[in-house]
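Each structure below is given as structure tokens.
Two complexes are shown next, each including subunit A; its partner changes from subunit B in the first to subunit C in the second.
Take a look at the complex of A and B:
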């Protein structure tokens, strides 16, 4: 098992990450626009000052040298300094926003999976029942509504019309950080972000379980006189969960990218606004830092999904 | 009779109470929340920052030698007075005695000298050298050929003299930069100042002390109890980040007391009972620039005809919902240098436009598009995306041009990419807008040698007037020069001017002591009134 994990990381992970960062750096430097665009309009500015700035940032160098320098920093575990006027370390910029993004994403994953899986199971267990149709209907609605729209609808109802929940943001200055406070601020963004995953997890769970329910070994189980509940929850469910684990690995990045939009609507102090700002300003080190971090997370997510197969399915062994 | 007396008494009491409430004695205490849609970056250093919202923090933490009032004129601040020499070459500032930084150390001429010397230093990483390069010896010091700047001279602890190589009228209003505490910074090499910890934990001599900067949430300040000019009325000041979409709800829930809103939010916000809105003219204008390097745009008749052919009033009334003023020269109505005298308004007149084009030799081709010597009057119009108003304006422009036989091809592009094209001069026409500095000096945008002269405009009279305007220190004479200059530009139209900006401030009615008839800086005069306002609840 450990040998497998180490092999995955060194033989697969590192080359993939290298290729990814190389391509990404190439794309952002080739794309039109420059990191010094914000100097446009500075009164009495001399071209020499712009050139000096470009030299400081290293963007006067050819692509390969720029990338090489960046990679050298990464090997020393340094994400570099941001290109904006404050020149703060990229690791700080990400570190300050990471907790908020993780809280939001984890909560919506818990919400999505915590509700989606049981609903999907019940929906499959009672296939073609009224309950199943209702769930199917809402699942399609949930998948179809774009999150920014759903977020605005929630804001309109809970914040503007009824005025029972804050219109986004995090704790106000001077407001004590209480558990209830966290719930109040989290509720709307988590619902917005979680809705889509509840719906799709429920759909996947339903179809995966239905597929398993038609297998021969379940017919055998029923034939030997087991009660339907035991057949479904004990024999079928464990097998039906396997594809769902894969799904988890795939959905992680979707959750994070969905968070970018939701954070923007709800003034949530996460990575979303930093990512968008960095893209607009061609802030290379910040774009690279955020993407590298997500790439690593997604890669780890896929390893965890693969490893968890081994626990769910005794036939799978990694040697 | 008795009843009458009661009524008279009642009236008397009522009028008394009106008088009392009208006096409005400032109340101490409370928290004022100032909404912003973009968070600061954390460069709270007056000589290094470039982002507007970092400037917001700097505005309340530091004080400058002077401050700019609602009429855009310099007023005393740290300097209680100043003196400009007869020849306009020397400015001497007399500082208040007893002003202290937030750490208790007194502010002296030493700190002023440090602040401005650093801008001129060879290793300085900021962008403000050009503003002060006319100080005597500044260039030599920058180049490293001289170790001092003779143009900055400390006379005594409370007197400092700046001298220039030539008179430079815009200079005085550039002395508003916050004064840095030399005792905390002088030991840091200038080249490393950019990454100094100080920039995140600023210490100035301003009305508010910096408390906390929480990324993408808020910046908090407390009243400076020992502020030289008197303690602020409010206890706590917060810059609160708000997403653009939720501004009206934040106002409704009293989560912010003030914010600048966009025209499309005006109706929704003005419906909120406890929020007052103020509309004021801003120091900005938007334009459509012609690339004068191209032969067809080099003809003034073509530029004027295009301007006659575009219904700019309709654009302001319909698309901007009235929030804007049609512009005919690059000098906003909010500026003291603005003039309407002798300015052609170029009222929408497609017939006249067509005639002018025909006189200039453009005749309709078989497809209805005008042509001359085999060249069609067809051009690309570069439009940075992201603003609904700009995109709609572009569509209206395209339609109006089609009516007079000009084909416009719209090219929507992400802002930074569009700037790339403009910088490379690879455009036919493009639209953007300029926010202007306090001083009306148009040199940086319109002088033929300037970096931001994107159209490539060169006109001898214009250049001469711009240069004269810089040299003339008499306000009235300067006004005249700029009026002449506006008339030149109004005729030449190196760009078509669309509209002067109008800003809207939304403020909670509990906030008292604001400028109820706001100038270009709005009801809080930028952030200057923050230490004088109070909260009535």
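Take a look at the complex of A and C:
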């Protein structure tokens, strides 16, 4: 068991994470323009001065050495200073914004799994019933409707027309953090972000349960006279839920991608809106930091999904 | 008994799926409407007329006009051209990378497989949107950059799919026979094995077009995809985001939003119908 987890982290997780930092550094490096580009246009500036500046910044070194140096810095959690006038450490900026993104994503995951799983189970249990057709249709709608359009529709209805929920943000300055307040601010963004997960979880759950229902051991269970409800909800469901656990790891990147757009619509003070703001200011250290942060979050998420899978499925442990 | 060809069987199975047929009809409608856009409207989608700003829908302007006095009906029609071409080109790019890498990984295995699939994991395990907006802002948003970014970031799914197919097919009798009579590896891979892996690839390409259209609209909505004044459904939605427009001028954001939703829905219906039609486990009572 522990061998499996350790292998999963060191042989799969760490190389992927390293590969990602390499890709990210490559993209930033091949970007047109360098920190000394503006110096090249200055008349009467000795090329020796430019070379000196390059040496100062370390950009006269070969790519791999630059990358190694940068990697060493981020391993010490030194993400550099932001480019804007405040010159704040990037790690602090990210730390401030991260809780809002985590709250938003976690709530959407809970909504998606909480509704998607029971709906998918019922849809499979009553396959080809009217309920099943309606759910199948709405699952298609859920995966096809763009979050930015769905978000605007919700905003239009609940915040602008009926005026029952705030149009965005997450607690005004000085507003007390009450439970009702959380619900009011979270409702629209979480519904927007969660709709897609509800739909895809319901679809996966349905097909996973249907696949299990055809297995031989279920025919045995029925043959020995068990009631259909016990066959489905006890014998079949336990096995059908296993693949859904791994789905968690797969869906995390999608959730975070969606969060960027949803935070943007509802002016949610998370990493996604920080990313857009930083991109508009060409604030590269912040962008790099956010990209890395998301990579680490996804890495942790997939490890958790895999470990819980290993706990749930005894077949994994003895491999 | 008359022999029925394989493709005819597949087509018949596809036709039994009502949602798939509905999707196909809507999709064809969208394609025709955006191809023949100049014949359907007299307005230039990019021509602003400052005297006619913010007009509600009327006989003159079917969907009204936007805050620069441009005809929204015309912009919605021409927006279809952008969505469809970005969808098709980016899927073309991702397929050409994914097919080659997936085939090599599956056929040769060993080091090739490990390295290619680890690279695929790197792309796969990442929030697509964040990397896409980062690259787009560094290289500058444009329609071509959007196509390239979407293509390059989404190859791993077709590579994984094709790798699995190749692993399954490379030890079949016909593939071994081809190797035995001296066909070189690339001929075995692309002339003998690939045609047998075409159906799952087609399904994934169809669904890929839908998600590429969604991603383009999302990027443009964030201002990092197709830049204005070109009419893209995403940047039309972006332009309608100020709360006063959102609240009182729904004609500016409903048409592009509904267009994205309906085209993506119809492509998903078609893709799902294809998946079922190709599935040999589907029993056919003929």
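Heads up, the rule we're going with is that the second predicted complex is superposed on the first by the 273 of 319 C-alpha atoms of A that agree within 3 Å, B and C clash if a C-alpha of one lies under 4 Å from a C-alpha of the other, contacts with A are read in each partner's own complex, and residues count from 1 in each chain.
Operating definition for what follows: a contact is a pair of C-beta atoms (placed from the backbone, for glycine too) under 8 Å apart; a residue touches a chain by one contact, two chains touch by 3 or more.
If you're wondering where the values come from, they're calculated on a predicted model, not measured in any experiment.
*Asks:* When the two structures are overlaid on chain A, which partner does A:49 contact: first (subunit B), second (subunit C), both, or neither?
*Replies:* Touch partner of A:49: subunit B, not subunit C.
*Asks:* Just to be sure I read the superposition right, which of the two partners does A:174 touch: subunit B = first, subunit C = second, or both, or neither?
*Replies:* Touch status of A:174: first partner only.
*Asks:* Can A:308 be said to touch subunit B (first), subunit C (second), both, or neither?
*Replies:* After superposing on A, A:308 lies clear of both subunit B and subunit C.
*Asks:* Contacts for A:276 in the overlay, against subunit B (first) and subunit C (second): which applies, first, second, both or neither?
*Replies:* After superposing on A, A:276 lies in contact with subunit C but is clear of subunit B.
*Asks:* Applying the document's definition of touch, where does A:81 land relative to subunit B and subunit C: first, second, both, or neither?
*Replies:* A:81: touches subunit B, not subunit C.
*Asks:* Output check: A:31 vs subunit B and subunit C. Expected answer is one of first, second, both, neither. What do you get?
*Replies:* both
*Asks:* For A:61 in the superposed arrangement: first (subunit B), second (subunit C), both or neither?
*Replies:* In the superposed model, A:61 contacts neither subunit B nor subunit C.
*Asks:* So, does A:163 touch the first partner subunit B, the second partner subunit C, both, or neither?
*Replies:* first
*Asks:* With both complexes overlaid on chain A, does A:266 touch subunit B (first), subunit C (second), both or neither?
*Replies:* A:266: touches subunit B, not subunit C.
*Asks:* Does any part of subunit A touch subunit B in one structure and subunit C in the other, and if so which residues?
*Replies:* In subunit A, residues 31-32, 152, 155, 160, 167, 264-265, 280, 282 are touched by subunit B and also by subunit C.
*Asks:* Can you list the residues on subunit A that touch subunit B in the complex?
*Replies:* It is residues 31-34, 37-47, 49, 52-53, 56, 81, 84-88, 93, 96-97, 100, 152, 155, 159-160, 163, 166-174, 264-267, 269-270, 273-274, 280-282 of subunit A that touch subunit B.
*Asks:* In the complex formed with subunit A, which residues of subunit C make contact?
*Replies:* Touch list, subunit C to subunit A: 19, 118-119, 121-122, 124-131, 133-135, 137-139, 210, 214, 217-218, 221-222, 224, 234, 237, 240-241, 243, 246-247, 250, 253, 257-258, 260-261, 264-265, 268-269, 272.
*Asks:* Which of the residues in subunit A end up touching subunit C in this complex?
*Replies:* 12, 15-16, 19-20, 23, 27-28, 31-32, 137, 140-141, 143-149, 152-153, 155-156, 160-161, 167, 253-254, 256-258, 260-261, 264-265, 272, 275-276, 279-280, 282, 287, 290-291, 294-295, 298-299, 302
*Asks:* Within the complex, which stretch of subunit B touches subunit A?
*Replies:* 31, 33, 39, 41-43, 48-51, 54, 125, 127, 129-131, 133, 194-195, 199-200, 212, 214-218, 220, 236, 238, 240-243, 245-246, 248-250, 252-253, 255, 414-417, 419-421, 423, 434-435, 437, 443-445, 451-452
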